[in-house]
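Next, two complexes with chain A in common: one pairs it with chain B, the other with chain C.
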Partner chain A sequence: MGEVLQYFVTGLSLGGIYALVALGFYVMWEATRAANFSHGDVYMFGAVLTVVLYGSGFPLLLAAALSVAACALGGALIERVLIRPFNREPNAIGWMLTTIAVGIVLESGTTIAYGTLGRPLPTALARQPLRFGGAGIYPQELLLPLAAVAAMVALEMFYRRTILGRAMRAVAFNPTVAGLMGINVRRIAAIAYAMAAAVAAVAGILIAPVVEATPSMGTLIGLKAFGVAIVAGISNARGVVAVGIAYGILEKFIEGYISTGARNAVGFTVMILMLLAFPQGLFGRKEVAKV
Partner chain B sequence: MTPRRQFLAVLVLGLGFLTVFRLLEPTNYQIGLLMRCMILMIVTIGLNILIGHAGLVSLGQAALYGVGSYVAAWLALKAALPFLAAMGAGILATAFFGAALAYPTVRVRGVYLAVITIAFGLVFENILVEWLSVTGGTQGLIGIPRGRVFGVLLTRPIYFWVVSGCLIMAFIVQYTIIHSRYGRAMRATAQSENAARALGINVTNIRILAFVISAILAGLAGGLYTFLNLFVNYETFTFLHSVGFLLMVILGGTGTLLGPVVGTSALTYVVEVLQNVREWQVFAYGLLLALIMFVMPRGVVGSLEDAVRRFWTRRGGRESRAWPNRGAPLPDLLGARPSFEGPALEIRGLTLRFGGLTAVNAVSLCVEPGTVHALIGPNGAGKSSLLNLISGFYVPTEGEIIFDAKGIAGLPSHVLARRGIARTFQNTELFGQMTALENVLVGLHQHYRSTLVETLFRLPRWVREERRFLAQATQLLDFVGLSDYADEEARNLPFGHQRRLEIARALALRPRLLLLDEPAAGLTHGEIEDLTATIRLLTDHGVTVILVEHHVEMVMTISDHVTVLDYGEVIASGRAAAVQDDPRVIEAYFGTGGIDVRRPLAASVGG
Partner chain C sequence: MNWDSSFPARRGLVALAMAALALATVAKPALAQKAEPCIAGSWELSGPLAHTGLAIRMGLEVAVDEINESGGVLGKKLRVIAYDDQGEPARAVDNTRRIGEKDNCIIMIGGARTPNALAIRPVLSEIGLPWMGVISAGTRVVEWETGTNEWMFRTSMKDRWVAPFLIEYALKRSKSGKIGMMYEATGWGQGAVPDVEAAAKARKIRLVGKETFNLADQDMSAQLIRLRDSGADALIFYSVDREANAVLKSMDRIGYKPVIVSAWGITGQLGQTAGPLAEGVLVAGTFAWTGDLSPRATKVWERIKTKFKLSTPGDLLLPSATANSYDAGYIIAEALKIAGDYDRTKLRDAFFKVRYEGIIAKYDPAFEKSMERHDAIIPSHYKMLTYHKGLLMTLEQTPYALKK
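Showing the complex of A and B:
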């Protein structure tokens, strides 16, 4: 019983990361029908930058805030430089390659500057694990699923209640018409990418005290999160968060009941099978072909 | 130079290079490097067909390459299978994985295939590392016996020619696929899925074909790699290598014949050089990828081709001729089509709902063979939806569609196209980056009888058919007066010409029923007269036409029967003159008012 509970709570925490990173994919996809393929490296960079700033004497919260701001700026820049010029035709693929390229540069650049080893980021919430029913977890880890749900609620409010959010939805629905209505489509896209990057950075910073930030921590998380977003149907925040958390829990159970080594093979296979069964995604809308 | 001459020239130059290379007595290291490079070229040639022609991206090509490699290695090592059997099994396994991966994804969106292939690559890597008993874990499989064919041991000097032969074969396959109906169908599907479906192309199958071909080539290369290296290990088949393959294709120039060869050579060389910069290697690699995308998105060969084309473009000398060209052998072009027993098309109680919105509501109508049946009505009346139902783009919620005495409701568009229902689109949907001639040839796709094998090996039946259909496509262009524009890309044609080309392309299907969706929109007065004459000519030759059109003057002069729709319902149906006077029709167009609006109807709605 304790084992099951343990897998569940650690899975919840891992799933929180997937959910937060996948939310970013959703936001980017809605705004541009494209995404930063190296979004996982933004998550990594948020964590690493916070650790570096903290290490050079900034107070923790300020370091985190600066890191989130830097990532948001980077996100907007990625949209402007790497997505927009390469996403002009409906079936363009250039953006995939440019963003993969920047991911490679970001990860290897960080490795050169920072080293391959992880460095700790001590916080009060990662000192004493909570124990209950035979399971244990740091309070810090529980912040992740909470942050994911909070981000989801905030995002839904933002999309429904604010002018900017509504404009973003309009752009998602039809950029040309949105542009004709006086919405600055380009700025909206850049803002969406900045938001996505900020959320990913927050996820990275929240997990850094538990796992120790390394330059290679992001790649696989990013790819899995993209898979999560696609399996969810990449069309609503709730679906993305639900699938993200479920995937985290699934992975922990695979580790527990099969083996740690089988985690990715089994997890990705489940992902592929889900797409086989639901080509539109679990929560996806069937798109009516415009003829 | 024609593509055929270019191809032959490259082939001869390549063989010459290989021979000279061998005669120069290269070092063992140099031979090994060139062989590895040639093996990678086989992978990138396959990837080029997938990306450059079918418009699909695979980010797991290294894993497919790995499947071919490991299967061959395992069978040679553990089951002591001979070279050819191990290679064959590797290729078969790769083809199977290719089909299994492609099937679910190509139906949805391009990016799904990217995600699925990434996932597949990571699963594969994970299995290679973890499944110790089979894959040897991180160590890999060591001590694979050298291959032997018909008793001949494949030593390096002999194996060099085996690899060369495979590369040449891959290169030939690339050429024969691209310059055939399959290659045209791939490009058509990538450029306009809807138009491809409307021309009888099974979009799913053609994409799977592209993916399986690329997988087979990757599997072949994998097997060759195994018997070159005699040891395999997961490090050769990672995600980064998949990105590398993509980079090679793009660096060379996607969609070009020589691109994969050039890109692979260049990148192999760069990687050799980059080994000197140690930890900066990956960094430089990423930077290079980004740079190429910015500086040369069309790649080396693509950019060169563009430059040459700019230099050689023929200027002037093109003339559009009057259409319809009555000199064209229309009866031959339209072929022998069986005539209808009873009505051509009958619709009973057809309803289409999108969520709460009823676009088409219990519509019934009957189209007589050899007539022009017009559908008119205000914007949003459901005319185009009805056309999309008849051509299989929408599936009706309720009701029956009977074409030539058979129910066709819910059948996919490509099946209907093959049965003889052709259509044009409201916003012309040409294959913009294909020439006018190629556009028409895509329309002829489904008349070919030669199989894939006949096409690949250019067997006599394929040669006969290709020659015949090329002539027919030219005649169809001639029929619409565009023969001078045969080698012009469709997107460069003036709007009126694009409409003509779309009709020529639809006629290539040899339709029994032709659906025209607002063919007069955007045309000048003179062009509309030509269009009217063309439609007349077609019905004279037994083609049944359904016409959706706002240009009332044209509708009234040409139609045998007019059906008026409003809010998805039929509000009037009958001979043109009778419908024109129907008070409900007048109301639908102008609302109710005290004034007599009968006279302005014809004049003001037109245009």
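Showing the complex of A and C:
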């Protein structure tokens, strides 16, 4: 029983990361029908920058806030420079290459500047694990699924209750009409990318005290989070969070009952099967076009 | 250009060029024997194991500085040249050719990765270039399957000898006698399994569990639960720092505290990142720069500290590798003196005559002609290190030493 509980709680934490990063893909996709494929590296950069700022003497919360702000700015910049010019035509795919390329640049640049070895980010919540029912977890790790749910609720409220949020939904629905209605579509897109980057940075900062922040920590997380968003149907925040957390738990049970080596093979196979069974994603809507 | 091969002058030129080429090809090995006084490395100077290249540079450059200040070797000052192989075997092969053919160095120093060392074996034989390994511990680096290794030597640990050393310490520390193994799913980790199993068998025990993990894994609770349930109270461990930290945190989560006896993939960095969780983790090594150092080692540390702007011995992330490369520098210098010439073949043959006391051990002799003894550092020189207060120290200097 203890091991089942252990797989569940550690899966919950891992799933929290997937959910937070995948929420960013949701936000970006909703705004531009494109996404930053270096989003996993933004997650990494949030963690690394916080570690560096904290190591330079900044208080932890200020270091985290500055890091989130820097990532948000970077997200907006990526949209402006690497997405917008390459996403003007219908079915444009140039943005895929540019954002993958910038991810490689970001990882390599961080490796050069920061080094390859991890550095600690000590917090009170990652010192002593909570143990219950034969299982254990650091309180810091529990922040991840909580943050994912909080981000999801905040996003839904933002989309429904604020003018900016409603403008984003309008842009997502039809950017041309939204533009004709006076909404600054470009600004909305930049804000969406900034928001997505900020959420990814938060995920990186929350996990950094438990794992070592290293330049290579984001690549696979970004890829899996993108898979999570696609399987969820990408246009549904609740679905993205639910699938993210479920995928994290699934991975831990695969590790526990099959093997660690099987984790990615089985996990990605499940993703493919889910997409075959639900081409629009588990929570996606079939898009209807008037002809 | 209209190239007419029937034109007699052209044909003459072609014949001349071909003759020159043939002469150059034939002459090259003979010319290459008169080598330059340079010691060249193909190390990781960038990429995930860039700290390994730096660790080698620290020891080797300080040794060469000292040797040059004493007048050099055979009237010439030695030079250190370093090329980055980024951990890739193909680049290591390119670097080997550059070192042996273009730079014409007297010897090459290897980096951290065993696959790179294995990849350059035929090139070293072809060029006739002596090679000294100071980190990569793969058995096959010096003990070739072909039964003949003429050019590769090592001042480092050897996997086949490390495994019994780890098992010995695990048995000393285990209360139940149940020993498990946890290793990374890489060539190094997986390659160590047969050695560890053989070492366990030699001590008439069987590993009660073997678990693996992937690079970049963040949680190893599932594997550790299985090891815990198997009753293992001591683990033989093959990992590098980042994953080792994740393993220690996973152990902390589930409240599992076996004795960890690790091969030397983990470095001083773990003491900083894992903090108190690293306390008492045992790591096989050859040298620690902390505690009571000999006057000579103290001087070497002071030079390294000044030259590379370090603060404490804890900044030497691979203390054993730095010491290995320092001793390697002096063994090469001693061998050159015996050889009496900057000649690679003479240098190779002189290695078997070197008797020298370094900071790690007294090498008496440094090497013997059997492939097994192309390793200068033998098991009796191995030391068990452990983390204490964030530093990697020799076991005897810590409270974790067993009371006699």
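In this text, the second predicted complex is superposed on the first by the 289 of 291 C-alpha atoms of A that agree within 3 Å, B and C clash if a C-alpha of one lies under 4 Å from a C-alpha of the other, contacts with A are read in each partner's own complex, and residues count from 1 in each chain.
Keep in mind that, in the parts below, contacts are C-beta pairs under 8 Å (C-beta built on N, C-alpha and C of every residue); 3 or more make two chains touch, one makes a residue touch a chain.
What you see is a predicted model, and the numbers here were worked out from it, not measured in a lab.
Asks: Tell me which partner A:Gly115 touches in the superposition: chain B (first), chain C (second), both or neither.
Replies: After superposition on chain A, A:Gly115 lies in contact with chain C alone.
Asks: Applying the document's definition of touch, where does A:Ala262 land relative to chain B and chain C: first, second, both, or neither?
Replies: Touch partner of A:Ala262: chain B, not chain C.
Asks: Scan A:Ala101 for contacts with chain B and chain C and give back first, second, both or neither.
Replies: In the superposition, A:Ala101 contacts chain B only.
Asks: For A:Ile93, select first, second, both or neither according to whether it touches chain B, chain C, the two together, or no partner.
Replies: Touch status of A:Ile93: first partner only.
Asks: If we overlay the two complexes on their shared chain A, which of chain B and chain C does A:Asn174 touch? Say first, second, both or neither.
Replies: neither
Asks: Now for A:Ile230: first (chain B), second (chain C), both, or neither, which partner does it touch?
Replies: First partner only.
Asks: On the A-aligned overlay, A:Leu220 touches which partner chain: chain B = first, chain C = second, or both, or neither?
Replies: both
Asks: Thinking of the overlay built on chain A, is A:Leu276 touched by chain B (first), by chain C (second), by both, or by neither?
Replies: first
Asks: Would you mind listing the overlap between the chain B footprint and the chain C footprint on chain A?
Replies: Touching chain B in the first complex and chain C in the second, residues 111-112, 220, 261, 263-264 of chain A appear in both lists.
Asks: Flag every residue of chain B that touches chain A in the complex, lowest number first.
Replies: 51, 55, 57, 59, 101, 103-105, 107-108, 110-112, 114-116, 118-120, 122-123, 125-127, 129-130, 190, 194, 239-240, 243, 246-247, 250, 279-280, 282-283, 285-287, 289-290, 293-294, 297, 354, 384, 388, 393-394, 425
Asks: Would you pull the chain A residues touching chain C in the complex into a rising list?
Replies: Where chain A meets chain C, its residues are 2-3, 6-7, 10, 13-14, 111-112, 115-120, 122, 129, 131, 135-138, 207, 210-212, 214, 216-217, 220, 252, 255-256, 260-261, 263-264.
Asks: Could you pull out which chain A residues touch chain B in their complex?
Replies: Those in contact with chain B are residues 82, 85-86, 91, 93-94, 96-98, 100-105, 107-109, 111-112, 219-220, 223, 226-227, 230, 259, 261-265, 268-269, 271-272, 275-276, 279-280, 288-289, 291.
Asks: Provide the residue numbers of chain C that touch chain A in the complex, in ascending order.
Replies: 46-51, 185, 211-214, 216-223, 225, 241-242, 245-246, 249, 252-255, 269, 272-273, 275, 317
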